[in-house]
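There are structures below to look over.
Next, two complexes with subunit A in common: one pairs it with subunit B, the other with subunit C.
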Partner chain A sequence: MDLRRSMLFIPGNNPGMLQNGGVFGADSVILDLEDAVAPMEKDAARFLVAQALRTVDYGASETVVRINPLDTFAAVDIKAIVPCCPDAILVPKVESAADIHQVVAMIAAAEKPDQTPVKIIALLETPCGIVEAYHIAKADPRVVALALGAEDYTAGLGAMRTKEGTEIFTARTIVINAAAAANVQSIDTPYTDANDEEGLLADTQLAKRLGFKGKLSINPRQIDVIHSVFNPSLNDIDWAQQVIHAIRKAEAEGSGVASLNGKMVDLPIVNRAERILHLAELLGLMGGEK
Partner chain B sequence: MASIAKTAQAGTLESSDVMITVAPGTQGSGIIIELESIVLAQYGEDIKIILEKTVKDQGITDIYIKAVDRGALDCTICARTLAALSRAGAVLKEEII
Partner chain C sequence: MKNAIGREIPETISGIAAIKPFAGAFTAVPEMARQAPKVKIIKPTDRKLVDSLVEVFKKIPVTDGMTLSFHHHFRNGDGVVNMVLATAAQLGLKNLTVALSSVFPVHAPIIDHVKNGVVTGLDTNYMSGPVAQAVSKGLFDKPVILRTHGGRGRAIECGQLKIDVAFIAAPAADEYGNLNGVEGPAACGSLGYAFPDAQYADYVVAVTDYLGEYPLSPISIPQTRVDYVVKVECVGDPKGIVSGTTRITKDPVGLKIAETAAKVIQATGLIKNGFAFQTGAGGASLATAAFVRKMMEKDSVVGSFALGGITGYMVDMLESGLFKKLMDVQGFDLEAIRSLSTNPNHLEIGADFYASPFNAGCAVNQLDVVILGATEMDTDFNVNVVTGSDGVIMGGSGGHADAAAGAKVTIIVANLLRGRLPIIVNKVLTATTPGETIDVLVTERGVAVNPLRGDLKEKFLAAGLPVKDIQELKQLAEKIAGAPKAIKTGENIVAVVEYRDGTIIDVVRQVEG
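Entry: the complex of A and B
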């Protein structure tokens, strides 16, 4: 499982930010060729991002490049960027499985023979994209996550974007459900007010409760808050350890049924506990293991 | 191609960036570099080497380059030079357009 609690956008035509992108501790850095780059500077940003991928050390952060939409510069972006070995491509405004097939063909043509296959994260930000979410997630094994882009989506709906997010509730749950059904990750839309830490916390907590596995981020200051929400708490880890202990004890006693504090421990509970412990292990939070 | 077709520019004057202007050189002029940099004393020669190597790698031998550097890393200098060359009509060897 790849950790994608936080995915930080970095403008693709800003050398200062590109060279420092690895120091913020985001699980993924998204070098952005799309919205963060003026139309006249697309070519220059492509050169800069290509050079950054070859030379800048992004540490433990996954390197993702957001290309331009399929009907603009996607083909040129993929041809230039894929040979520089990013971990993944974030494809904006995906609306169908056919879009993914098109991207896969372009990536395959651009990859070097010995290169690790480049993954795809599909950014769903139109009503059509939300409707097709499951088929998009299942379109190709390269697709590892669905992400929600709520700003364009609400514009497509003709709705007002609010901090409460009532207008994107349906889209959020559709993306989460489609991703879970396809066994890929779901990543929530960014919280766009970088100065509102309380709002970010509430929005991220809601995203986690609904089932998202991570959140897009537009400012490095947001990363700690996002991680604090998506990291398992000590109580979560303690509960998960008790569940695993109870099920192992039951198995050792030849019983198929276990209970913890009077509640039955069945397979979904065990799966949830295992996910928590796996995440805790990845994050180095298992120091107090019993 | 020994030179480029026209004058072109890439980059900005922001911190960590470099603004590159390239102009066609006359045949036999060689690579002429004019460099302004906030780190001229420390890295001036290194920056000139990167500029020269980047244009030579593209097969360009006669060119005028003006670079105004604000502390750019090597990869930024290379990227901005390639962008300027591309905008000046050079057909680049690297598969980045």
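Entry: the complex of A and C
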């Protein structure tokens, strides 16, 4: 399971941040060639990010590069970046499965023969992108996640972006649902006020309740809060262990049906419990035997 | 000869009486009586107020070869040192030693006084700016003595730094010599670094631009130790003395280090009722306090005291009930001044009370944890805070070695890579604080624990902290930035670094150019 609780944007034109991107403990670092970089600096940033991918140790963090949109510098970006072996490319403003097909073709052309295939994360940040979410997620096996970019999306709606986020509720649930249907991850839009820790906490808790598996982040200070929300709680872990115990017991007794506290334990519940335990194990949250 | 941490110390150094090599942080045993200054009499009708520095120079009189002392509470806003030395130059005095607790860029005129022979010696705990650069290039014929804040208090009290005249810049004074630092246009807060000078100098002169009614209140330095009061136009520039507010760093790497440092402190188990803490005013140090504060709030911990240089942030922790007391040897901002003058739990302490190793007990001995910085650290955990990456003097121990020696746990917070340079080296250019008094190094890429503290390492591992061997951290940094070339220095010794107990821990040699 790819862990993407937090995906941290690092400006692609900032050598200091590129060098230190791995120290913040984000599950993914997104080396950004798009919004963080002014048009005049695109060349320099592309070069810096390519060098960073070759030389900087990002530790346990997955390396993702946000390229420019298809109608601007996507082709140049992919050609320069893909041979440097990033784990994934974050494609902005994806609006259709055709966009993904185009990106896949470019990536395939740029990959070295023995290279691990570069994954794709689709950033949906237009009303069209939201409408096409499911088809985008299903467009190619390289697509591993859908991410929501709410700033551009709200502008596309002609709505005002608020901290409460009422205006993006529909988009959020569509992205989550499409991703779940296509069996890929859903990643929530960043919380843009880096100084408002309480707001970030509330927004991240909402994202988790709705079903997102992680959140984009624009500041390293946000990582701990985001992780604290997406990490399974001790209650979660306890519950999951009981579920698995009930299933094993039922299997041992030859019964087809397991139950926990009077409720039937069916496959989706088992899947959820397994996911929690797997996450807990990955994160070293499992204590001794219960 | 080599001292206990393997630094080469010459048998003799011109201008230094007897060289005792550093032998271990708690090895030296004092065998002397305290310094006894002249006994004074002042008759009921005598007045202390004099009209000018020239007059006070003549009354004392100040003569060739004397040691004049000053405090650094006015930092880069100080006007008094330059004023006094200009007076000395005007009167044709020569061969003076300046004992100024810290030297700032504003003190650049010292350079000309040295060139003209007015000043021939410097005794300080920290220096930055043009004087420090000039010293590194061989400004003085005899080496500058670099002490610690506690060591200066000790040297004064033990008669090793004998002060003929202490000129004490006083934000507020009355005509009979009572002084405080909390009133007047140049208010700086605590006057702690001037306390030993006032106690042990042969003559004490207060220089002020604000005369309050007798008796002044509060009194930091009492009339019983002050011989003369000189009223001048202006003692300093408030903009260089205090900052309006002290801000916590927003640098993400600094915050990462601070957060890790706070987790390190938590893992020591020392964050509990009675917690005693010292941290610096800058960068990651203050940010560490912010993370520690959250932990204290979460667990409803009430600390005993915070010590050292006091900022508004520590004042807020006092007023929020997170610490019961502040012990303030130096204030950094307006909030620290306000609190010192209004809150009885905000205590003003002297440099000797703060950190002198040779008295019946200093405050750093009561610390649980201190957070300190470093410009360089070696794999034996020795720290350099004196010279920069070019070998030029850019700081000094201040209270670094003192607090490190006193605290139960001493934590260095530092970027593993400072600019393009790794912080960890095989051998620091200048050893300031011995590794035996440093317990933990916290960087953005991991935590190294002094092998002497196996107990801490176990706790940190149990807490899931990213503990690495110091060699491993060094290699990690060198993998990114390469190993820096050793700095070339000349033979001439421009400064001796005295450990707090009076032994010599290292020397600083001249840089080229």
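Keep this in mind: the second predicted complex is superposed on the first by the 289 of 290 C-alpha atoms of A that agree within 3 Å, B and C clash if a C-alpha of one lies under 4 Å from a C-alpha of the other, contacts with A are read in each partner's own complex, and residues count from 1 in each chain.
Here is the rule we use: a contact is a pair of C-beta atoms (placed from the backbone, for glycine too) under 8 Å apart; a residue touches a chain by one contact, two chains touch by 3 or more.
These numbers come from a predicted model, not from an experiment.
Which partner does A:Q51 contact after superposing on A: first (subunit B), second (subunit C), both, neither?
Only subunit B; A:Q51 stays clear of subunit C.
Looking at subunit A, does subunit B or subunit C touch a larger number of its residues?
In the superposed model, B touches more residues of subunit A.
Going by the contact rule set out at the top, does A:D43 touch subunit B (first), subunit C (second), both, or neither?
First partner only.
Output check: A:Q19 vs subunit B and subunit C. Expected answer is one of first, second, both, neither. What do you get?
In the superposition, A:Q19 contacts both subunit B and subunit C.
Which holds for A:K79: it touches subunit B only (first), subunit C only (second), both, or neither?
first
With both complexes overlaid on chain A, does A:L285 touch subunit B (first), subunit C (second), both or neither?
neither
Touch test for A:R221: subunit B only (first), subunit C only (second), both, or neither?
Touch status of A:R221: second partner only.
Which residues would you name on subunit A as touching subunit B in one complex and subunit C in the other?
Dual-contact residues (subunit A): 16, 19, 56.
Residue numbers of subunit A touching subunit B in their complex, please.
14-16, 18-19, 43-44, 46-48, 50-52, 54-56, 76, 79-80, 83
Can you list the subunit C residues touching subunit A in their complex?
Interface residues on the subunit C side: 252-253, 255-256, 259, 417, 444-445, 464, 479-480.
Which of the residues in subunit A end up touching subunit C in this complex?
16-17, 19-20, 23-24, 56-57, 219-221, 224, 284
Which positions of subunit B touch subunit A when the two form their complex?
Answer in residue numbers: 10-11, 14-17, 72-76, 78-80, 82-83, 86-87, 95-97.
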